[in-house]
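All chains are identified by letter, namely A, B, C and D, in their written order; residue positions are counted from 1 within each chain.
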Amino acid sequence: MHVIVDLCLVPIGVGTSVSSYVAACHGVLEKAGLTHTLHAYGTNIEGPWDDVMAAIKACHEEVHRLGAPRIHTNIKLGTRTDRKQRMADKVESVRNKGTSKPS
Amino acid sequence: MHVIVDLCLVPIGVGTSVSSYVAACHGVLEKAGLTHTLHAYGTNIEGPWDDVMAAIKACHEEVHRLGAPRIHTNIKLGTRTDRKQRMADKVESVRNKGTSKPS
Amino acid sequence: MHVIVDLCLVPIGVGTSVSSYVAACHGVLEKAGLTHTLHAYGTNIEGPWDDVMAAIKACHEEVHRLGAPRIHTNIKLGTRTDRKQRMADKVESVRNKGTSKPS
Amino acid sequence: MHVIVDLCLVPIGVGTSVSSYVAACHGVLEKAGLTHTLHAYGTNIEGPWDDVMAAIKACHEEVHRLGAPRIHTNIKLGTRTDRKQRMADKVESVRNKGTSKPS
């Protein structure tokens, strides 16, 4: 089961600057060999369900290890059986519908 | 690693009535033996990380099996290392702060 | 436009205990006269779009005023034009599909 | 109050292809003059709270008008009083922490 995920992990109890923890998560995803893209409010990841979920767990473990006593995470997650779809396809599909010239 | 989750699974491509799919997920959670509570916009679940994640995967598999070609899921997920906290504690903690008589 | 919302507001930069801020939000919702229900991972609210959104803004203002320098909020939000649905209907609808005896 | 938002609007009851509705929302955001960036699992938007929220409401109205009887939307939303931060800053901040060479 292929999954496309939007991951947003918020460390709590470590002050207001959370970017170093997000960077650590990117290291985890990199190491896991998963396709991932950083955006302004999270990270998109795609791959086999078990691999993606194992990486998310590893992110939590790493962020706790780096000192965050509490983590709040949001995940958006899509699966489909009707056809294969990659992250790039989703963006392309909207662009082809003409975002610049909506009806 | 104990996790508290808010799960909201939205089947896409099966019309506007989604309650039978949500009910099927509750069967999956029940079978998994996990503590879970239905609310008006999702289901709260708690337990060991791997068990909860395995159950969420089983929900996706079951909802696809029941005919939904596409699923969009939201997960809120909390872990903490500073102390044990159960779902009931979270509600209790807010109530003790006096929701009825806020300053 | 009637809306059903799941609101989860996370104050950042005020330590790991966030329940007093959540309690303050409940005061805001109470004062706004909106139907709302606390659950283990958020608060469900329903009402006219503008009233609910004004209350969410007032929650942000109040939590900043109480000292949180940063807030991360998750909102799930549902609208429908096919029929009226209340929060209680959603729970009832799943229950009637037989969560205890899924196929 | 400046807000950074991740918006993910899911039309329900219109089949599995939702990209034309997402494209219509981009038209709404474009018309509102708000900074917005499409990614693989949503759209990031930033601006004054009231303007962003008015645009999200206009998206719901437009998607219903285009025929979707039901909409499920996820919003992640961040505000802060400690300093000004733009969407581009958030991505930059993580990159500067060295995502390519995590410890």
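Note that contacts are C-beta pairs under 8 Å (C-beta built on N, C-alpha and C of every residue); 3 or more make two chains touch, one makes a residue touch a chain.
These figures come from a predicted structure and were not determined experimentally.
Of the two chain pairs shown, A-D and C-D, the one joined by more C-beta contacts is A-D.
Ranking all chains by how far their C-alpha centres lie from the centre of subunit C, first place goes to A. Subunit A and subunit D have Cα centroids lying 16 Å from one another.
Subunit C and subunit D have centres, each the mean of its CA atoms, that are 19 Å apart. Shared interface positions of subunit D, defined as residues touching 2 or more other chains, are 13, 16, 69-70, 72, 74, 76, 78, 80, 82. By the touch criterion given at the top, residues 1, 13, 49-50, 53, 57, 60-61, 64, 69-82 of subunit C touch subunit D in their complex. Subunit C makes touch with subunit B in their complex at residues 4-6, 8, 16-17, 19-20, 22-24, 26-28, 30, 37-42, 44, 46, 74, 76, 78, 80, 82, 87-88, 90-91, 93-103. Touching subunit D in their complex are the following residues of subunit B: 10, 12-13, 15-16, 18, 69-70, 72, 74.
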